[in-house]
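Some notes on the structure that comes next.
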Amino acid sequence: MSLPICRIKIINGNTCQPMTININTSAQSVKFSNTEIVTVQPQTGPESIESFYDEYLAIPGILEQIILDTDSDAFVLACWGDPGIEAAREITAKPVVGIAEASLYVANMLAAKWSVVTTLHRVRDMVEKTVEKTGLTARCASVRTTRLSVLDTEQDRTATLDVLTEAGNLAIREDGAEAICLGCAGMSGLEQQLEQRLGVPVIDAVAAAVKMAESLVSLDKTTSKRLTYRLPERKEIKGYASHYQAENFCR
Amino acid sequence: MSLPICRIKIINGNTCQPMTININTSAQSVKFSNTEIVTVQPQTGPESIESFYDEYLAIPGILEQIILDTDSDAFVLACWGDPGIEAAREITAKPVVGIAEASLYVANMLAAKWSVVTTLHRVRDMVEKTVEKTGLTARCASVRTTRLSVLDTEQDRTATLDVLTEAGNLAIREDGAEAICLGCAGMSGLEQQLEQRLGVPVIDAVAAAVKMAESLVSLDKTTSKRLTYRLPERKEIKGYASHYQAENFCR
Amino acid sequence: MSLPICRIKIINGNTCQPMTININTSAQSVKFSNTEIVTVQPQTGPESIESFYDEYLAIPGILEQIILDTDSDAFVLACWGDPGIEAAREITAKPVVGIAEASLYVANMLAAKWSVVTTLHRVRDMVEKTVEKTGLTARCASVRTTRLSVLDTEQDRTATLDVLTEAGNLAIREDGAEAICLGCAGMSGLEQQLEQRLGVPVIDAVAAAVKMAESLVSLDKTTSKRLTYRLPERKEIKGYASHYQAENFCR
Amino acid sequence: MSLPICRIKIINGNTCQPMTININTSAQSVKFSNTEIVTVQPQTGPESIESFYDEYLAIPGILEQIILDTDSDAFVLACWGDPGIEAAREITAKPVVGIAEASLYVANMLAAKWSVVTTLHRVRDMVEKTVEKTGLTARCASVRTTRLSVLDTEQDRTATLDVLTEAGNLAIREDGAEAICLGCAGMSGLEQQLEQRLGVPVIDAVAAAVKMAESLVSLDKTTSKRLTYRLPERKEIKGYASHYQAENFCR
Amino acid sequence: MSLPICRIKIINGNTCQPMTININTSAQSVKFSNTEIVTVQPQTGPESIESFYDEYLAIPGILEQIILDTDSDAFVLACWGDPGIEAAREITAKPVVGIAEASLYVANMLAAKWSVVTTLHRVRDMVEKTVEKTGLTARCASVRTTRLSVLDTEQDRTATLDVLTEAGNLAIREDGAEAICLGCAGMSGLEQQLEQRLGVPVIDAVAAAVKMAESLVSLDKTTSKRLTYRLPERKEIKGYASHYQAENFCR
Amino acid sequence: MSLPICRIKIINGNTCQPMTININTSAQSVKFSNTEIVTVQPQTGPESIESFYDEYLAIPGILEQIILDTDSDAFVLACWGDPGIEAAREITAKPVVGIAEASLYVANMLAAKWSVVTTLHRVRDMVEKTVEKTGLTARCASVRTTRLSVLDTEQDRTATLDVLTEAGNLAIREDGAEAICLGCAGMSGLEQQLEQRLGVPVIDAVAAAVKMAESLVSLDKTTSKRLTYRLPERKEIKGYASHYQAENFCR
């Protein structure tokens, strides 16, 4: 039996193209052979997401990548924080996977307690809220923030690796972490080196999400349209292109 | 001693103008004499917010009303769900109050248990998440959704009153509610009639938020810029007007 | 339109008169012009509340100040811990606000995480239970206790300021607090100096409660008499003056 | 080896003497042979506790029964709600057991889920808060309130039995209770008849607390004086007899 | 690139062979082409797991299937309840996936709220504890138990389908479920028919777990050996075959 | 009145006989005069329980000690973790008490916050799960693990005392513990010396459980057979002696 092709569109939440390339490289390296990966970035939104403001301005552009899509079988939201994921699940029946939730599920299957190691100190609250939203706060040993901006993680891989090693070691030694979740899509590709340095599983969220998306497609599952994730009601939406109007959605 | 003028800008989360007028009427009727209320609606976004999709598309327009503002002392986000409130707190140091949180604080001071009575059944999850975000889930007797769309609440006040009376009575009799929070800005102005019908306190969220905003201004408090709510980092934000760029913010 | 007069009675939970004066000064300085503030202390009870024992002995005297009152529009319980507040809400339909809950609501509108800085180390459990009762434990970065007794906070303002500065800085640097709630009525009046020293919002609980009380009166709200906060049943109450008997209550 | 005598003072929280007699009868029937039980009622306070107001007015009188005691080895607070128990633990090092907590511990050792069946509907919130304070909310199937006043439970045993049977059956059939905790000291003595009618364990809280008190004395344990339950600070306490002043405490 | 072979051993928790066959059929139908599935049952333990007693007696036999294994890349514990999963993670570094946790992760990616529909009424507490252990209780609309024994689910597929349809409909209509998790490995293979009848996603836990196991192997992840899931300490284990002794483990 | 004899069988969870003797000594020293204590160990299972693997292999042997028993009135599971306790409650109606739960109930009646001081670092997760299962996590100041194996606690009492003193002091000074629960049956007998060293109540779990078992027998209570703890269903159980088959149970 030959597997049908599974097309997954990964949407980098940031408009920074080098990160899209990096995300794509990571995803390509873990996909199953019959999976096709396309990685895109929004037309609109911030170069990088490092605040609630950035996140909210990114969401319309992220959703647009789903609205305009015609041939993907599943979508991955590639920004730790899973921005706009509930809306994404409303506008399509195809599976939508967030990299944050995916990485936490994987961590939960590998370790009794794990920590999230991530970017700037200011995102602590965002990250904690994301963990809380999945319901897995009791399994989270800590959130370790760093001095790394999102773009730093792309531009200086050596320094990034060092900062993540230090933060990971603190999480392991002081907080009791037994695995590490990388809390930013920009950190994709560093997981193997970090794993060697830290001696515990290190989870790349993009890779985790690709696996979850492949899984959902393979199981032939679609998002429940029963209540919460029904298609949005039809109504006037001012200042957005016509494809944002619910009556124009491909279903 | 004469009080200084306190200018509060209320931002209807919906782009539906009649609701702006209704919200304004409610707010004017409860404000202190030295308060000036201006009620606006976003330039962009959905006519009404009834899904996560609607909410996320509304947020950039809501934030713009804060970004472009020069003379208000505080802001009220007038959509139950407090859309984008964390971002609003990042882009200004002036107090920002959400009508959902404000109404829950008021309810908590009046009753041991309260219910939220609101619009379409599909918003149950959104409303529960909002209650959870304030931390007050343990005090919430129930969320009672109805067949009312947001625009229904504006257009047929008599039917709305009847539907809310029925839902409120169920909340009181079956769920143990001892007060009712109206879970939609469009329901503003019905609280007194409902209170007479139901025999328990009924809280108009817009009115509650006006009071909280007046309180914060009167206390001369500003949002903490210590960490989470710092100004957004400066960076390129594609596809948004230049006033959305953090380096152009009035501070 | 001229506002009606709003009369708020603030009940210092302690029988220490200098604290009553201090509380009154703070309250007068933040009230709206049409508000009248009267600050009283119980006839019976401990000089200061620093244990569960103190708190329980204070409550009958606190409640008496409500029972005997004829002309106030709202009551503020001015002891962090909100002693007897559920009973206070039973014996009157007029709004009753606790300074602890009020300060936490204000903190929640200004900061993602806050700490409570308070008196003697032994009150940690009392303070944590108070935060838990409001439901806001998840937003509380820490409770920082000190070597200050309640009366210390009144008698040596300079030393108090120094101790609070140290505790506040620890809360900010080690616990992630982004705002500070002063966890004792005796600390009223120090909030501005502390705010300058600490660089984050510092919330005086008395001031916060005055604003909440003004808000509830302005909204014309009364406590729900539906179930939990109904008037107490009529019955014999031994060893208390006749005004404590429910059948003698003014309603 | 002959056991030393263990003297337990049970303090009926209500000033109603017939209930004291009833409590005493229940306690005598379950005590070990070397235990001496003395059951008393406060000199001051309400005839019965059915509201927060009643509870707070009862506490000073309850505490007085501990303060004036010289020869008991342990104390039982015999009012479901364990009024003033934290203060009781401050003013003596001898073990203090509340009947509510004791009954929940016993229930937890007998059943996966249990319900509390209790008096007037208005006490629901009080009872839920008591369950929450022990931390056992997740094991509580429901709180079933009734039309029974506290005094009803004493005065009409047949009707009480019928009402409790009905409420217990509802808890079992509709809420999934597998055991029933009787949520009022006045219900002591009905547990065996109810157990026969309901077919599940029915726990008399007074009996449970006698066993816990015997246990703590037998283990030679005393309350921790490390921090929270230290003796109250010495200070002036207005309007209370001199034995209430901490400096006069027997230790 | 051709995928390496991934060998997954599925361990039916029950010793009932027809269920092993059924589980295997389901697993084979969803696996990726390069996955090899072997489904086994323990040599010892109960025919079916319907109580804590059954579960605990099943665990040594389940663990033996891992201990004696030499060539699998991952293990699936095929009994809803994930019996012994923490121990399984101690005795091998290869990924171990429980069907309960896997099904909940899948449900969480498809629906805002879901219910578990399962066997005999007596397992309610076991099922609730399993949901709690994953941390996802807040997303669980309800647990719906039925009159079906585990063996019933194998032996009468038509009746099983009818009972599950009824329970599923109740979960959807009365409890707000938007997806259904089948809470027993014996129900594998009914998910498509049920999905058509119920109109919401129905998740077969075995299929979900196969996907999770494939994912973990594909990501080249192993269980953290940092602390909790280290190999068991070497010591005498009485009454068990020598392969159960930790010093004989293949690593 | 002379008390009837109460026979309690204590089941050491470990197959290490010296620990059985130690447990028995502790139990004999706290029992009431009419109590008869028999302490046994399983025929099968690990010498000591220090991992989930050990725990699960111990449970069948522990349960066998209940199944084969004919004359005990209650059972105590003497391994902190209460292994298999739900199953134990299914197979007999006689009360079953776990030493972990018993020690936490006792601690809760003596202190506002307590810590568990226990063996190897790897058991932290097991201990935290046990505390969580009782529902008392909010009262737990910390879990302090040590370098002590279970057998160490038996074999070198002096070193054990020193290690526990150090860990206890850290719990008190750094975590805010006001009492200490000894988290291993092997630590029985050290509680008095530790109490003198630490200055806070130290609870021996075995002693606590003896008291709880005496209490339940004295109250004439049996485990609820309503639903969760019903006798196991009759079915084939492969590889276990015939007395393990439910149809052979004495009832």
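We just call them A, B, C, D, E and F in the order they show up, numbering each chain from 1.
As a working rule, a residue touches a chain if its C-beta (ideal position, glycine included) is under 8 Å from a C-beta of that chain, and two chains touch if they have at least 3 such contacts.
Bear in mind the structure is a predicted one, so any value in this text is a computation, not a measurement.
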*asked:* If I average the CA coordinates per chain, which chain comes out farthest from subunit E?
replied: C
*Any idea if subunit C and subunit D meet via the same residues, over half in common, or different ones?*
same
*asked:* I need the rotation angle between the copies subunit A and subunit E from a CA superposition, between 0 and 180°, in steps of 5.
replied: 180
*Between subunit C and subunit E, what is the separation of their C-alpha centroids in Å?*
53
_Just the number, please: Cα centre separation of subunit B and subunit D in whole Å._
44
*Residues of subunit E touching 2+ other chains?*
86, 112-113, 124-125, 138, 176, 227-228
*Considering every pair of chains, which are in touch?*
A-B, A-C, A-E, A-F, B-C, B-D, B-E, C-D, C-F, D-E, D-F, E-F
*What part of subunit C is in contact with subunit B in the complex they form?*
1-3, 30, 32-34, 86, 95-97, 101, 105-106, 108-113, 134-139, 172, 176-179, 199-201, 203, 207-208, 211-212, 214-216, 218-219, 221-224, 226-229
_Of all residues in subunit D, those that touch subunit E in their complex_ = 112-113, 138, 176
_Quick check: in the complex, which residue numbers of subunit D touch subunit B?_
124-125, 132
*subunit D touches which residues of subunit C in the complex?*
15, 42-48, 50-57, 59-61, 63, 84, 86-87, 89-91, 120-122, 124-126, 149, 227-228, 230, 232-233, 235-240, 244, 246
